[in-house]
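Below: a set of structures, written as C-alpha cells.
Shared between the two complexes below is subunit A, which pairs with subunit B and subunit C, respectively.
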Partner chain A sequence: MKNTIKQLFHSSKFVIGFVIFVAILLTIIIYPLVSPGNPLEMVGVGTFARPGTYVSLYDAVTTEKDTFKFSDADEKRLANAISDSDREAMLALFDAAAMDYSSIDVNDSNALIEFWDANYQTAMDTAKLKKSQKRDLRLLDSRIQALKAGETFKVVEEVDGETVEISTITKTDYVNTNKVINVRNLPLGTDNFGRDTLRELIAAAGVSLRIGLIAGIIATFVGLLLGLLAGYLGGVVDNIITFFTNVLSVIPSIVLLILINYSISQELRGPTLCALIIGATSWTWTTRSVRSQVISLRNRDHVNLSKLSGHSLMRIILTDILPYIASYVVMAFILQVSSGILAEAQLSMLGLGPKTTTTPTLGLMMNWATLYSAHTTGRWWAYFPVILTITFITFSLNFMNTGMDQVFNPALRD
Partner chain B sequence: MSERKDYTNGPLCLSGRNLTRVFGTGAKQNVAVDHVNFDFHEGEFVSIVGESGSGKTTLSKMLLGLLNISEGEILYQGKPRDISNRKKLNEYWKGIQPIFQDPFSSYNIFHKIDAVLLDCIAMRGGKHLPYEKKVEMMTEACSFVNLKFAELTNKYPFELSGGQMQRLMIARIFLLKPKILLADEPTSMVDACSRATILDMLLNLRDETGMTIIFITHDIGLAYYISDTIYIMEHGKFVESGKADEVILNPQAAYTKRLISDVPKIHEEWDLSTVEMNNTL
Partner chain C sequence: MKGYRKYFGQKLLWFFITLIVAVALNFVLPRLMPTDPVNAITGKIAGGMSDSSAIKEVYEFYQKQFGLDKPMITQFFLFVKNALRGDFGISFSQYPRTVADIISSSIGWTLALQIPAIIVGWILGNVLGAVAAYKRGIWDKGVMPLFMFLGNVPAFAMAIVLLVLFAMKWKIAPSGGGYSSQMIPNMSWKFVKSVLSHYWLPFLSVVIISIGGQAVGMRSMSIYELNADYVKYSRFLGIKDGKIVKYVFRNAMLPQVTGLAMSLGTSIGGALVAETIFSYPGLGTTMLSAVTSSDYPLISATTLIITIMVLLVTLFLDVIYAFIDPRVKAAQFD
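What follows is the complex of A and B.
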C-alpha cells in the first residue's frame, strides 16, 4: 500500500494532476480567508465592469497629494484626449483648406497637435466652412489649448448656499494608491449582476467540486455495492441488478437528468439535491465494470479457499474481493467526480441546474454569461476563466486517473 | 513401500454415482465430466490420471462443492452428501480440503503468509492459543514441507516461488488435517528431488491420520509410485480403474497403454537418428 503510493508519485502524470488539483483546492480554501466577503454581493452598479484596479475618485480627491513632473505625462494625456472623431474633424479642416499634412503621421496625436497649432489659424481663414462647423472647430481648439495650458479643477463644497473651495487639482498632482482608502482590485471585473467575478468564480469552483464529490461518492457507492452483489452472488440477484443497470444505461444520463430536474421546481433545487440526482443517475457504468471484475475474481482459487475456510460472505467480499478492485474503484470515483462537475455545468447551461441566485456554481456562471451575451460582446472575463477552471479541474482529475492506471495496471507501465 | 497397509477396503468415504458436469448449452455444450462412478475409501491414496482438459479439475471442484453438479450424485461417508445450507456446507468443508492446481491464484496477495497459516489454526479451534504455541505449530507445518517459517514470516505470497507456494499449501493441509485431501497437481512446480520427499510426507500424513488423499496428476509414473488406486480419465470418463499395480502392469484400455508408453524411460538410449535429423533442420 505504502509502496503503491510511493510509485504513484513517481508517475509524472499523476504528479501533474495532483499538483494542479491541490493548487485549485488550496485556492478555494485560502482565498475566502484572505479576502472575506459574500461572493454573491452585487458590488457593481451596472454590468460587466472591466478587469482592473478601481480607485475611489472621492477618496483620491481628499488624499494627501504629491507633485511630480513626469516629462511624458502631458504627451500621454494629449494622446488620450483626442478621440477618433476629433481626429477626423481636424483632418477635414486641413482638407478643406487644401493643406498637405502628408509629412506627419496622423495617428501620432502629438505630431498632429503640433501641426494643428502651427496651421490652425491659416486653415480657419482659408477654408470655406459653415458657421456651425467653424464653431465646433473653435471648441475643439479651445479644448486642446486648455489641455496644453494645464487646466486645473477646483473641488468645491456647498456650505449654507455658499461654495467653498476645498482643493485645486493640477496636472502635476498625484496620489499614492496605497494612501487612498478605497482601492479595489477586480482582476476579473464584474459579471452581469455586478458581482466580483473572481470571488464568485472561486466560490463556484468550491460548490461545483462539492457537487462532483457528492455525486461521485453516491455513484461509486451505489455502483460498487450493486456491482459486488451482482458479480459475487450471481443468479437471480445478478439478473435483477443487470436488468436495471441495462435499462438505466440505455437512456443517456443527460436525458434522465433533464427530465428529473425539470420535474423539480427551481426553488427546491439546491446544489446538494442536484448532486444527489447526478449521482443517482450515473452509477450504472461503475456497477457494470465492478460486476465484470468481480465475476473474474470470484472464480479465483483464493476466493474458493476462503470459502472452504468457512469465511462469511461479508468477509470474503471485504477481504478477498474488495482489495483487488480497490484501486479500480478509486479510479472510477475520480472519473465520477469529474463527470459530476461536467454534468452540473451541462444542466445549468440548460437552466436546469441549482437554484440560481443563492449559490454560485461553475455551470450557473456560464449560464448567466451566455444569457447576457458576454461571449458576443467580448466580455471574456465573465466566461473564459470559468471554462478554464472547469477544464483545469477535470484535466487534473483525469491526469491523476491516468497516472493511477499506469501504476495499478502493469500492462500500461512503460 | 513393501509393508504398505491395504487401504482399498476401508469404510466408504466419498463416492460418485453417474456424476456429470456439462458446461454451456446447445452447440457449445461441453461435457467436462461424463457419468463417472467411483468409490474412495478412508485412508486410500487415489490418483486420478488424465491428460490436460480431461476434466480432472472440474471433477475435483464438484467434489469440493464449489461447482454445481449437472447430473448424478455424490455420497459422503456412504450417505448422499447434504450441503443444502451454509452450516452444512461449512461442516462438510471441515472434512475436505484442497490444494489447487495454480498456486499463483491460490493466495490472497494482500494477506501475509502468517495470516494464511493462522487462519488454519483458527479453523481447527486454536484461535485462542498463546502466540508462541501458534508459532510452534506454524514452524512445524513449514518444516514438514522443507520450508523455514522464520524466513517466511511477514512475507507476502508473491515474494515466494511457485514451488514454495505449493509447499506452503501443503503446510496448510498439515495444519488442517482434513479427512479428505483433494490435491490437484500439488507438486507441479517443485523439483523432482523435493517432490519425492513431499509425496513421501503426504504418505506419512496419510498413515498417521488416516487421511484420504485424492491426487490429481497427468504423470502416470508418479501415480504408480505413490497410489493405492488409480483412475484413468479420458474426455470426462473413467476409462480404467483399479489397484495401482493392476492398472500399470496390466492395462486394459488403449488410452492407458498410450499413457504408460509415453512415460520417458531414462535407461533407454537416445534414438540417435532422430537427434541427427533435428540437427539438420
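What follows is the complex of A and C.
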C-alpha cells in the first residue's frame, strides 16, 4: 500500500492533478475561515458590479485628509473627462481651420489642451462651420476651461432643514484607503443578484464537490457490489445483472436524469437528492469493469485455494478479490466524481439542477449567469471563473486518473 | 453468412429489448410522481396558457390520451401505440402545434450538427493519440495535455467561451441561431451560406472537447500495441516501419469504435446543452424550452427521440464493427 502510493507520486501526471486538486480543496476549506460571511448575501443593490476595490464615498468624505500635489493628477483628470469623441471634435475644428496639428499626440491630453488653448480662438474665427457645430465647440471649450479651473466641492449636511457645511474638498485632497472605515474588495465583482461572486464561487465549488463525492460514492458502491456479485457468482445472478447493466448503459444518462429530476417536485430537489440521483444513474460502467476483472480473478489459484479451505464468500471477496481490483475501483471512483460534477452542471443549465435558494452550486451559478446574459454583455467575472473552476476540478481528477492508469498498467508505461 | 446472421440477430434483439426498457422508463418515471399526472400537467399549463378554453381542451385531451381510468398496463399499451404512430400529443408551450411537428423540425438540425462533429472529433482524437504514442516529444508532452485539458471543459462552457471570443469579441461569427433571423428556410444558395456561417461555431465546440478523450484512449491502445510481441517480431523480420504502424493503428482502432459507441450516451448530453448556448434550433434548445415552460409532452418526446437516436447509432456502430473486426469475421468460417 505504502509502496503503491510512493509509486504514484513518481508519476508526473498524478502529481500535477493531485496538486491542483489539493489547492482547490484548500481554498474551499480555508477561504470561509479567513473571510467569513454568507455566500448568498446580496451585498450589491445593482446587478453585475465590476471587479475591483470599493471605497465608501460617505466614509471617505469624513476621513482625515492629506494634501498631495502630484504633477500628473490634473492630466489624468483631463484625460478621463475628455472622451474620444471630444478629441475627434477638437481635431475636426483644427482640420476645418486648416491648422497643422501633426506635432501633438491626440492621446497626450496635456499637449492637446495646451494646443487647444493657444489656437482655439483663431481656429473658431477662421473655420467655416455651421452654427450648431460652433455652438457644440463653444460648449466643449467651456467644459475644458471649467475642468482646468480650481473647482472645489462643498460637503454639506442637512440638519433640521438647514444645511451646515462640513468640509470643502479640493483637487489636492487625498485620503489613505487604510484610514477609510469601509473599503471592500470584490476581486470578482458581484453577480446578477448582487452577490459577492468570489465568495459564492468558493462556496459553490464546495457544494459541487460534495455532489460529485456523494454521486461517486453511490455509483462506486452500487457498481462494485453488482460487479462482484455478477462476476463471482456467475450463472443466473450474472445474467440478470448483466442484462440490466447493458440496457441501462446504452440509454443516455442525461435522459434518465431529466426524466427523474422532472418527476421530483421542485421543493424537494436539493443538492443531496440531486447527487443521489446522479449516483443512481451512473453505476453501470463500474459494474461492467468490476465484473470483467472479477471473472478473470475467479479461477486463479489463490482463490481456489481459499475456496478449498472453506473460507466464507465474504472473506474470499474481501481478502482474495478486492485487493486485486482496488486500484480499478479507486480510478473508477475518481472518474465518477468528476462526471458527477459535470452532470450537475449540465442539469442546472437545463433548469433541472438543485432547486435551492440556500446553497449555490457551480451549475446554478452558470445557469444564472447565462439567464442574465452575462456572456453576451461582457460580464466575464460572472461566468468565466466558474468555467475555470469546473474545468480545473475535472481536469485535476482526470489527470490523477491517467497517472494512476500508467502506474497500475505496466503495459502503458513509457 | 451464418455467423453474421447470428451476430446481427443478437444485436437487433438487444436493440429492441433496450428500446422497450427505454420506452417503459419514459412511461413509468413521470408516473412515479405522487400527484395525478394530468392534474400536475394542467396545473402547470395555467402558467403557460391564458386561454381558458384551450386549457380545458388540453386537459380533456390528456385525460383521454393517458386513459387514466384504465389499468396501468392498458395505459402503457396506449402510450406505445401513440408513440409508434408518432403521436406525442399537443405541446403546451407552443399550442396548438403538435409535439411531433416541433420535434421533426428540430431533429434534422441536431443530426446535421452532432453526427459530423462527433465523427470529426473522433478521427482527430485518434490521429492525435496515435501520433502522441508514436512520435512522443511535443505531441505527447504538449499537444496531448492541452487537448486533455480542453476535453475537460464542459460542452456548454466551451460553447460560451467560443461564442464570446468569435461572436462578441472578434465578430467573425453570428451570435446564435441556425440561420439568419431575417430569412425563411429555403433551398437558395444564400440560405445555405447563412446556415453554414451559423454552423461552424457549434461544430467547433463539439469537436474541440471530444478530441482529448478519444486521444487518451487511442494513445493507451497504441502504446499497448507498440509493445506487443508481433511488433517486435515484425521488426526482427525487417518489415518496414510504415507497414508496422499500419498494423498497430488498425489493431488500436478496433476498441476505439466500441469506445465511440460507449461514449455516445454521455457526450450527447453535453452536446445538447451546448446547443442551447448558441440557440441552435435543434433538440437541445427544444428540450430547454420544454423544461423552462414545463411542457411535459415535449420533454417526454424529446427524451424518447434522443434515446432512440443513440440506440440506432450504437446499433449502426455494432454493425460496422462486425465488418472490421477480424474476430467476428472469422467466426463465420466456423
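One rule holds in what follows: the second predicted complex is superposed on the first by the 369 of 414 C-alpha atoms of A that agree within 3 Å, B and C clash if a C-alpha of one lies under 4 Å from a C-alpha of the other, contacts with A are read in each partner's own complex, and residues count from 1 in each chain.
As a convention for this text, a contact is a pair of C-beta atoms (placed from the backbone, for glycine too) under 8 Å apart; a residue touches a chain by one contact, two chains touch by 3 or more.
Since the model is a prediction, treat every value here as computed from it, not as a measurement.
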First (subunit B), second (subunit C), both or neither touched by A:Ala81: neither
First (subunit B), second (subunit C), both or neither touched by A:Val250: second
Subunit B versus subunit C as contact partner of A:Gly310, first or second or both or neither: first
Partner chain in contact with A:Arg300 - subunit B first, subunit C second, else both or neither: first
First, second, both or neither for A:Leu350, with subunit B first and subunit C second: second
Subunit B versus subunit C as contact partner of A:Leu233, first or second or both or neither: neither
Chain touching more of subunit A, residue-wise (subunit B, subunit C): C
Touched partner set for A:Pro323, first subunit B, second subunit C, both or neither: first
Subunit A positions touched by subunit B in one structure and by subunit C in the second: none
Contact set on subunit A toward subunit B in their complex: 300-302, 304-310, 319-320, 323-324
List of subunit C residues in touch with subunit A within their complex: 14, 17-18, 21-22, 25-26, 29-30, 32-34, 136, 148-149, 152-157, 160-161, 163-164, 168, 175, 216, 220, 223-224, 227, 262, 264-266, 268-270, 272-273, 276-277, 287-288, 291-292, 296, 299-300, 303, 306-307, 310-311, 314
Contacting residues of subunit A [partner subunit C, same complex]: 246-260, 262-263, 265, 338-339, 342-343, 345-346, 349-352, 366, 370, 375-376, 378, 380, 383-384, 387, 390-391, 394-395, 398-399, 402, 405, 409, 411-412, 414
Parts of subunit B lying in touch with subunit A, wherever the complex brings them together: 61, 64, 66, 90, 93-94, 97-98, 100-102, 105-111, 119-120, 123
